[in-house]
Each structure stands twice: as structure tokens, then as C-alpha cells.
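Multiple structures follow.
What follows is a pair of complexes built around chain A, which joins chain B in one and chain C in the other.
Right after this comes the complex of A and B.
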């Protein structure tokens, strides 16, 4: 399955919309540098939801990763990209 | 109650745990004299198969007390990794009744271990406040992780409320609530908003049980 980074980011934005509390000002302003916990205010439970939803959306399985290991949206995009290869 | 797979009644893996439960049962019943009430007729139905039991948390011995509330099932407790470093930690670990998690950096594998346990027909018990609320007063905010666990395992959440004991010799008084099918609540797209709503509902259920417990 070949999905480019832009596609992954767009799909991830949709997941982020449902993973958050709906308090984001605008999902369009989210980019790879956006920090998940400080900028988007995601808690560990939000992160857990994000991982579960990402697994279902992309058909991948996350390895033994901790919730704090993904600092930015870019980290998640990169990880998904690696798993899809 | 849902949860298609039944846990085995006896297995050598939990011999030490079962031994502990059986030998501790009589002295525990004499000491605690459990008084258990049910919120409704539906709550009286015994838990069959996997389930997630949630309870308020006012003392460090609450896990032992829940064993007297849901006495007929072997329970597995979600605990902080730090608990394993306490004096009692290795003892309970040897019994095989703990599922340790890293609360600071929660791990996806821990999540899978808990959901798989419930799918395998085990009863997992956790305290959604996430800490001992020994100060009395209202229950603190519930964490939403329990909803995700129930949703992913498709097993019900059974709320129980244990009335805080005033003295070491006080009776154990508890109320068991109706099981909540969280998976059904979040069936049409499990957006985080729904998860928050389910968390709030479970907290309300706990408060209702607290109200019943006041009159015990």
C-alpha cells in the first residue's frame, strides 16, 4: 500500500478532529510541526483513541509504544508511513 | 450479562491467587461482614464472562474489598507500576492478579493486555479516579480510559460503590449497579465526544449508587 505523506496527514487530521474535544480553533492550521499535547491539548486518553482510530483507518498495528513517544503530528505521520512500507 | 467466553473455574496458573481467596474468605467475611445491595433487579444478575468492574477508591485496601463484593469471580486489578515496588507488590504479582500500567506514559500494549483479558472472559477491576481519594467528600473526575477499554473489548462496565468505612471494624457496605453496555453507546462512530459522554454517564451511575449507599 503506497500512501504519501500528504494523504496520511489529511487522514490523520480527520482522526484528530474526532480524537479531540472539539476545542480546536481550526484543524486546517494543523501541520507536521503541531505538538499533540501542548498545541492540541491531547491527553493520554485522547492519544490512546488516536492510536486506535489510526490503526483502524490505516489497517496497521502500532508496536509497543508509549503515549508520550509521539510529540508532534509529524511523528505520527512518519510512524504510519514506516508501517505502511 | 454479555461476554461470550467464560473464564475457567480452576487453573494452576492462578492456584496461589485462588488459595489466597479461599483461605482469606472466612476471616474476611467475619471481619468485614459484607452488606451488599443492588441498584435494581437487573443489577442482581451475576457477572458472566468478561466485564470491567469500576469502583470509587477511598483506601489502599479497596482491591481486597472488591473481592468481597464480586466474591464469586476472580478479579484482575489494573494498578500503577509503582505499586509493584511496594512491600505488597511482589506478593500480589506472584498471585497473578495485577495488570500493571505506566500511568505517566501509558503503553498501547498494556491497553491490549487489558482488553484481551476481558475478551478471554476475565473480570478486570479498576478505579477510574486513578488515585486513592482518601480525603472524603465527592468522587474526583473519572478518567475516560475505562470507556475505551470497554468499547474495544465489547464487554460491559459494572459500577460498584463501596461506602467509606469509618473504623477498621466497620462493616463493608457496597452497592452494585446495572451493567452499562458502553460499546453499544459508541456504536455509531466512536468520536471522543461520545467517550466523554459515556464517562459522564458512568460517573452519574456511581453517584446514584453513592446515594443508595448513604442509607445502608
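Right after this comes the complex of A and C.
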């Protein structure tokens, strides 16, 4: 499966939007530097949602990686990209 | 007032289920009878293996033989294990030996373990990681993997004997343990079965920590008591894969997880927990009404309940045929209650014997336990939580946060004069932890930076990231002026969320 970074980021934004139950005003301004916790205010359960939804959406597994290792949107995008290769 | 009688609950529960609810004075007696009654059924499914009640009873008797020469009679034994078959086996072995099991959160590090030892005074620790006891050189460390090849019978014990110590912030947020007797725990287990027909021989999937009263009593012990199968989901990231394989019929969830599963089910157009799921017991935090309604549309009955660590879990629950969204249900039998200035006070068989590790002289008055929760009761006897006078924040995940403790962490920075951690809410009702700080001007002037706000934010962020995930704040605001103060100069606490 070949998916470029922009496509991954766009799909991830959709997931983030539903993870926050539609409450992020600034989803359009989300970029790779956006911090998951401080900027988006994701809680531990939002993070769990993000990971489960990403696995379902992209058909990948988050193996051997702790949720706390993802600080920014870019970290998640990069991880997904690596798993899809 | 005395709450609803057991006889009243007979009708709510249904005769078939009610006739199987039998009181026991001790967990040892319950386990002896129920493990024999359900011997051939699967008690636990974990890590790809299944264990019948008979196999679990054998392993428990074997582990009692491991423990007996190493621990004193009626002593306290700590269990520091993740959710696993080992936890179930170790817990049953400790309590059926007449000892008290202090169940510690699995994420505690060696410093925190040493702190719990000072608080709870245990002599032995069951853990897979001996390093966690490195600051307690005289502590007996026992691995749950050790076997004896022998069978040790259960000890004689009494309902008044201690059964478990569960960590709690209580009404003040100061860490301590609630000491629950065998009688209290057994009443807590029985309350779990009341009001919901068909609670026996179910398929429970465990996702809550066993160090929490909701996971331990309402999930694990209720499952064992009812001859159900307990599937242990070891990693919540796998909960839906586990559900697809295990097909749970009942789940015990905090609202945040129930909400997350609902959002995922909507996004992917399927019931993520599978179609076998019929019942969700939901509590440990405020349960939004829309969860009851949305799950109902999906054919799943979600019952909001209300409980405390101090009450061996449930104080009230919604009987199936009387489900009132917005209410936390009817107060269970064997409880007495008073409402004093709006606050709920409790007495009953399921109440703790007191706190250990921290004196809380204001926890009781005239023999009543003061819950710190503000309530009202409607004409039908249904309980509603209207607010909280506790100095703790209960997150939607059910985790308790002590703002004072977190603030102390942020206040260690010399350029922070004061701080306030509070539960905030955005315009869509999403709740999160927020931090506001007042910088100390004299110290700020000394900072070697042109961008003070960024410097302070980054320093606070560093502390934030050193905290356990659930305690981290999601928003940081640097104030230009002091907080509003009371006449005694205490900060006026924000109450953005009730």
C-alpha cells in the first residue's frame, strides 16, 4: 500500500476530529508539529481512540511502542508511514 | 433512612437470578463453594489460555502452600501485578489464607512502593519485578510464578477479618488505603448481582485495573461469584480484537471508555464490542445521559451506578426495569443513609473499617461515613449526584486527581508563585485537566531569556511530562495577575465542571 504523507496526515486529522468528538476548533491548522497533548488536549483515552482508530483505518498494528512515545502529529504520521512500507 | 430491602430487590432481580444469590461471611467460604459448584466451567481466560474453576482452585491451593511458610498469620500482603491470571490466583491465595491483600496499582515505581509499605505496613510483596522492592530491603518478595507442588487448605477466617486494602484519595485527595473486611467485600459482590437479571454464567471482559475497586469487586469477584468467565484484556489497545475473539456478554466500564467505544462504533459502522454484548455496568465517574440513550439504540443496556472505594464498590445501581437516565439508581439493601446539608452519609455492611496510612478525622461523624458527594433522592427513591464537596477531581476515566498534589509539583519551580489545577470544559462539553500559574516576578526577572512565557511553559511542560499520563494537564495558562483569594488568602478554586 502506497500512501503519501499528505494523505496520511489528512486521514489522521479526520480521526483526531472524531477522537475529540468534534470539539477541536482548529483542526485545519493542525500540522506535523502540533503536539497531541498540549496543543490538542488529548487525554489518555483520546490517545487510545487515536491508536485503535488508526489501526482500523490503515490496517496496521501499533506493536512494541508505548502511547507516550508519540508527542506530535508528525510522530504518528511517521510511524504509520513506516508500517505501511 | 434504611434503603430498599432485599425483598424489594427480589422483583427487580427476577426470581431465577435472585435464587442464586447467596450470602457468604468470607471470601474463603464463597470460593470454596463456588469453585466446587462451577468446577468444570471456565473461570479465567488470559494470554491465550483458559483455566477452569477447578484448575484455578488447584493453583490457588498450590500458591497458598508457597505463601504459608513465608508470611505471618493474618498479616498484610501486597500484590503488585498487572491484570493477569497471576493476579487472580495471588489475590485468592492471600485472602483464603486469612490475610489482607493490599492491591497496588501496577505502575508504581520502587519509591512509591516504599511509600505504600510505610502506609499499609505489609511484610510481603507478590510481584514479578523484585526491583520494585529495592528500597525495602527487609521485605519478603514472592514471585507468582513459584509453585510448591503441594496443596494447602484455606485458613479459618471471620467476616470481620481484613480482606483487602485498596488505595484511594478519599474525600481529601491525600493518598491512603481503605480497609475492607470480608463481610464488606462479600456485600459488595452481592450488590453487584442485584437488580440485573441474568447475571450468572456470563462472559466478562476485564479492561479496568484490578487495583481499583470497580475492577476488583464489580468485575473480577462478581465474575467468580456468578460462575462467569473472566477474560483478561492485557492491553487496552487490543480490547476490540479481544472482544471479537472472546465475545463478551457484559462489560464493566468507566464512562470515558464506554464513550470511546461508542464513537469508534459510529465511525466504523459496527458494534466494536461485538453483538454478544448485552450489558454495560458503568460508573466510577459521572455517567452522561446520552451514553444510556445511545447504547440503548444499539441494543445494549447501560446501567449507571454509584460507588466508592470506601463502600466496597456499589452504593446504588439501576435495576433493569427501572432504568432512569440521569440517576445513579436505587440505594442497595443493607445500607443506611442520611442526607445532611445535601451531603450523602452512609452506614452498612459493605462499608470499610476505616482508612490506613493517613488519619482522616473528618471522614466520619456519629458513626456515619461522609461521602463528600452532594445528592438528592426523588419520590421513587432514585439517587442523583448533584455535586461534590471533595477536594478531588474525578476524571471521566474514573481516575481520581488530587489538584493540591499536582500543584505542589509545579510549584517546585522557583519562578512559579502559585498554581491551580482544575477540570476545564470546552464549548462542546469535553472535559480536560487545565493548569493556570502565577509567575513570581522577582525570580522571573532573573531568567536568562527574551521569551519568558515560552521559557516558563517549557519548564512546566517538562514537569507535566514526568507525571503519570492520566495526571498530565492538557492546557497551560500563564496569568498576568494573581488568583482571586478568600479572606484567609486561600485561592478561590475554579468550579468549571460539576
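By definition in this document, the second predicted complex is superposed on the first by the 84 of 85 C-alpha atoms of A that agree within 3 Å, B and C clash if a C-alpha of one lies under 4 Å from a C-alpha of the other, contacts with A are read in each partner's own complex, and residues count from 1 in each chain.
In this section, a residue touches a chain if its C-beta (ideal position, glycine included) is under 8 Å from a C-beta of that chain, and two chains touch if they have at least 3 such contacts.
It should be emphasised that the depicted structure is a prediction, and the values quoted were computed from it without experimental measurement.
Trainee: What is the contact status of A:64 with respect to chain B (first) and chain C (second): first, second, both, or neither?
Mentor: Touch partner of A:64: chain B, not chain C.
Trainee: Once chain A of both complexes is superposed, is A:4 in touch with chain B (first), chain C (second), both, or neither?
Mentor: After superposing on A, A:4 lies clear of both chain B and chain C.
Trainee: Touching A:29, do we find chain B (first), chain C (second), both, or neither?
Mentor: neither
Trainee: With the two structures laid over each other on chain A, which partner does A:85 touch: chain B (first), chain C (second), both, or neither?
Mentor: It touches nothing on chain B or chain C.
Trainee: Touching A:37 in the superposition: chain B (first), chain C (second), both, neither?
Mentor: second
Trainee: Which residues would you name on chain A as touching chain B in one complex and chain C in the other?
Mentor: 18-22, 44-45, 47-49, 51-53, 62, 67-68
Trainee: Which chain C residues qualify as touching chain A in the complex?
Mentor: 236-237, 239-240, 256-257, 259-260, 263-264, 267-268, 395-397, 426-430, 432, 461, 464, 469-470, 472, 474-476
Trainee: Given the complex with chain B, which residues does chain A contribute to the contact?
Mentor: So the residues of chain A touching chain B come out as 18-22, 44-49, 51-53, 62-69.
Trainee: Taking the complex as given, what residues does chain B use to touch chain A?
Mentor: For this pair, the touching residues of chain B are 102, 104-109, 111, 143-145, 148, 152, 189-193, 195-196.
Trainee: Going by the contact rule at the top, pick out the chain A residues touching chain C in the complex.
Mentor: That would be residues 18-23, 37-38, 41-45, 47-49, 51-53, 55-56, 62, 67-68 of chain A.
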